[in-house]
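Pasting in a structure now, in structure tokens, and then I'll have a few things to ask.
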Amino acid sequence: MTTLKAVAQAQAALASRRADFPLLVKFPELHYLDSAATAQKPAAVLDAMREYYETDYANPHRGAYDLSARSTERYERARKRVAKFLGVRDADTLIFTRGTTESLNLVATAWGRAKVKSGDEIVVTGMEHHANFVPWQQLAIAQGADLRICELTEDGRIDLDRLRALVTPKTRVVAFSHVSNALGTINPVRDIAAVARKVGALVVCDGAQAAPHLALDLDALGVDFYAFSGHKMLGPMGIGVLVGRREILEFMPPYQMGGDMIEFVYDETSTWNVLPHKFEAGTPNVAGAVGLAAACDYLDAIGMAAVRAHEQMLLELAHKMLGEIPGVRIYGPAAVADKSGVVSFTLEGVHPHDLATILDEDGVCVRAGHHCAQPLMRRLKVPATARASVYVYTTAEDVEALGRGVERARGMFG
Amino acid sequence: MSLDALYQEIILEHNRKPRNFREMPDANRKVEGHNPLCGDQVTLWLRVDGDRVVDVSFQGLGCAISKASASMMTAAVKGKTVAEAKALADEILAMLIGKLDVEKERQALGSLAALSGVSKFPQRVKCASMAWHALETALDESNPEGAAPEPAR
Amino acid sequence: MTTLKAVAQAQAALASRRADFPLLVKFPELHYLDSAATAQKPAAVLDAMREYYETDYANPHRGAYDLSARSTERYERARKRVAKFLGVRDADTLIFTRGTTESLNLVATAWGRAKVKSGDEIVVTGMEHHANFVPWQQLAIAQGADLRICELTEDGRIDLDRLRALVTPKTRVVAFSHVSNALGTINPVRDIAAVARKVGALVVCDGAQAAPHLALDLDALGVDFYAFSGHKMLGPMGIGVLVGRREILEFMPPYQMGGDMIEFVYDETSTWNVLPHKFEAGTPNVAGAVGLAAACDYLDAIGMAAVRAHEQMLLELAHKMLGEIPGVRIYGPAAVADKSGVVSFTLEGVHPHDLATILDEDGVCVRAGHHCAQPLMRRLKVPATARASVYVYTTAEDVEALGRGVERARGMFG
Amino acid sequence: MSLDALYQEIILEHNRKPRNFREMPDANRKVEGHNPLCGDQVTLWLRVDGDRVVDVSFQGLGCAISKASASMMTAAVKGKTVAEAKALADEILAMLIGKLDVEKERQALGSLAALSGVSKFPQRVKCASMAWHALETALDESNPEGAAPEPAR
């Protein structure tokens, strides 16, 4: 009884939650299953940005007037709000960037160019998104370092034994994703960090697919850098985060140079501002930060445990439905408990792009392709997969529509 | 837009049984085409004798649209003069982006008209055009890419 | 009669225009004179972004479904719209960035690290914003090049004779602002570009203060790179532009690496996508681009000639009012026709920050400080100035309130 | 917030005629303070004899708030013991960010209470605190910055 009641309550909550998302309300027949690419926005996030633009808008930090002070206050309040969401106590180590890609490029450039030398080793994994692969690959090429790629287990996990063998005293960086965007695998961050820390390597974690879905306690995670994007967690486009360890951020040279990040600019040299400003050159995206803070409010109101439970239920359903269709192969861990948010699959005899086009006719939005993870695709020995991904607004009906669509495609191509 | 316009039976049939899907050891033109949107690739072989395309073949991994388009292309081009093949490529590439009056040309297009449904699916235009762009490259004498890397034989 | 009528019409247009700006409507007693720092937003810009989020929102470029195709189409349409506003025919040479600061860092890093060698010279001017100064200074330090600073005339212009003497065959870059943010000086871009071009130097123009105020015909301007920010021209925060010459962009290595900017990613190496994608790593800020396009619509509806005429009228008034107050000194060109948007001044015996605080009590928002131009302040031999800056929504009453406030400050400190 | 609370007559007066506004050749402590928000700077000189601050002076370019605050600080601190001066700096810095019950301490604060208006102008807090932070640094024996670069003479 109590479980049934809980399920009924969760369903009612979900129905009312969908009403918070204007795009989903506008297109009730849409089955949006591409949240790993980007999440739809609740009205609360759009409202928060608008309210900021209409009430407190000015360039922060620079003005000597009240409106500008208010704008500064909105920006720093947003920083504290996001830091709290992540479990980061020292909010000044939270740097607002444009997104995960910029966050990771910042580390690979500002830290990497200063600290990685010829003969050093950089370790990444075979499941990385290009944003956490190409910057390290190019850093290795530029510095004459050796890029080492940790291979995966059959079911798409980081092979910890291989990682231990790969990491040596010459390893300067270990860069890996918290959750794989192409497989959904949740990686054991603490274990990986421990392996890296043993040899004194920098621990860089791409949290693009984790921050939106998992309750985080970053201060306890044992990583040196953590990166993610606002737009994948109900926030607006154009804002992201890099959290770094204070000692490292303070030693590092800055990344971009310009207003706000300097202390003094002499003709021949310059000195840098304190954290977080040192890494935030130019006019910051206050509206984006305000929107991201509103997204944190929205997620915390649901509760990250409830977010996870809801997604697990949907993944279970998706695994079950797709698993019953002949010719479907699901990539990544078999147990839903080891995954977050994503089901990556192929249907024999049907190219994933054809599948996506056919699904689209029924309003089922999935992504088909290499998911910005070409190194992984080579390892999986497929040119592409179809990927369905879920979030707080996804319903069982969305997943069922996916199942029906895959069946239909099988019929068409059979 | 109707899916049936895109996946017409003839397209599905060419996808199932692509024509001229083979390597060509005695080709004198070989070109790689690729679709940057998805990473799929096609290899196209031609044997051009004088001003005539005497043989065409292809291989590659790609979607149904790309495979059917390549297959139909090889069937249509084989035996044509270089000039005729170039003109056809122009026409089809125009058709794929909706810049051809398909009704008026239906007679001339024959079964190739089945590819016109692609023009309503902008994300899939590159799939269908990949093989035709490769053909254009292969027929362009001034293009060094057109020459087969290993001389025929 | 006709002139009077024209004036009356312009005033009516201005009154109705102010109604387009929600923040100005909400605070009718505010005299916002800090538009050079950032511009207030018309509802049309905020509406456009919201409409995009609520109707066409998805990750562009990647999806195989209609919603994603619509998002891509919105993004590329915005690119074309902004290109048209600027007079750029080849829209794929228009790269969306986070803002001027990122645009200039992109050039100084991606182009600079590849092309500037030890012993080369980099020429900037004494009036640059830190965003167009520090990246070049740090590039010079990193590459062992020589940073040369072109000194200014007494009235705050680039001294073309000195520039000609400074630029040598060793000069690889000449970087300068189209309009000075601290003085308002409009620089002769074509003349400067000609000097640079003669020795084959790269011509980099910081248009942050020009794009919002002047009708541009970029293709005819003779520069290799042109940078500006959306937020200073009625657009949202978090979006900016870099326009580059195609031949240069195609040769240059990319700046940031990740999704969308690659062609193939192999384990050891990668190849890059075509323009503009090569320089747009990661999920783009589509909403920002849509907002910026809406800002271009708004400005074009007024007409950039009318924008300029309106601002000239306000600057005339400001010069006149401030010029009559004993102890006021105005920096930069004396003739308003040689300036755009900005009046930079000091009041003897009153520190600019005190002045700004006093003005703020009357709702007059001006910026006080070094305006992110410390090298210029040293050359002007002042630690700071007060700066009032105007835009399409600024009224004569705003400027009059400034005059009254400065008088009041003089009284208080007299 | 009322401007009059910020620019009280005593502040304007100290700004016009700052006390102890001079170099001090025989100082044994010298510290540079600066306000990163505006780039303004203050130089502070101290002569400490045993545990007593026997002379204090300052120079620098800054706003009225910063100048008056420095001037009032020098007047207040001269003759105090190091411990007393440190305690005063703590108190004033708390007051500037609104963390002191000014009414309760008005007697003890004397004319320094005039600086409390700053707490209502967050953008100006750094102006008023600059000199006091410099004083703290100068009084901190463990801080090498505190030592005058040229030995007293």
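Going by the order they are written in, the chains are A, B, C and D; count residues from 1 in each one.
In the analysis below, contacts are C-beta pairs under 8 Å (C-beta built on N, C-alpha and C of every residue); 3 or more make two chains touch, one makes a residue touch a chain.
Bear in mind the structure is a predicted one, so any value in this text is a computation, not a measurement.
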{"item": "Averaged-CA centre spacing for the pair subunit D and subunit C, given as whole angstrom", "value": "39"}
{"item": "Gap in Å, rounded to a whole number, between the CA centres of subunit C and subunit B", "value": "48"}
{"item": "Chain centre separation in whole Å, for subunit C relative to subunit A (CA means)", "value": "32"}
{"item": "Contacts with two or more other chains, residues of subunit C listed in rising order", "value": "63-65, 68, 264, 352-353, 357, 368-369, 374"}
{"item": "Touching two or more other chains - residues of subunit B", "value": "37, 39, 123"}
{"item": "Touch-based graph of the chains, sorted into line, ring, star, complete or other", "value": "other"}
{"item": "Chains touching one another, given as label pairs in label order", "value": "A-B, A-C, A-D, B-C, C-D"}
{"item": "Residues on subunit B engaged by subunit C in the complex (per definition of touch)", "value": "36-37, 39, 122-123"}
{"item": "Partner subunit B, residues of subunit A touching it in the complex", "value": "350-354, 357-358, 361, 368-370, 374, 377, 383-384, 412-413"}
{"item": "Subunit A-touching residues of subunit C, taken from the complex the two chains share", "value": "22-23, 26, 30, 32, 34, 37-38, 40-41, 46, 50, 53-55, 57-59, 62-68, 98-102, 104-105, 109, 129-131, 133-135, 137-138, 141, 147, 149, 229, 231, 236-239, 256-260, 262, 264-270, 281-288, 352-353, 356-357, 359-360, 364-369, 372, 374-375, 378"}
{"item": "Residues on subunit C engaged by subunit B in the complex (per definition of touch)", "value": "61, 63-65, 68-69, 73, 263-264, 273-274"}
{"item": "Residues on subunit B engaged by subunit A in the complex (per definition of touch)", "value": "2-3, 6-7, 12, 15, 37-40, 61-65, 121, 123-124, 127"}
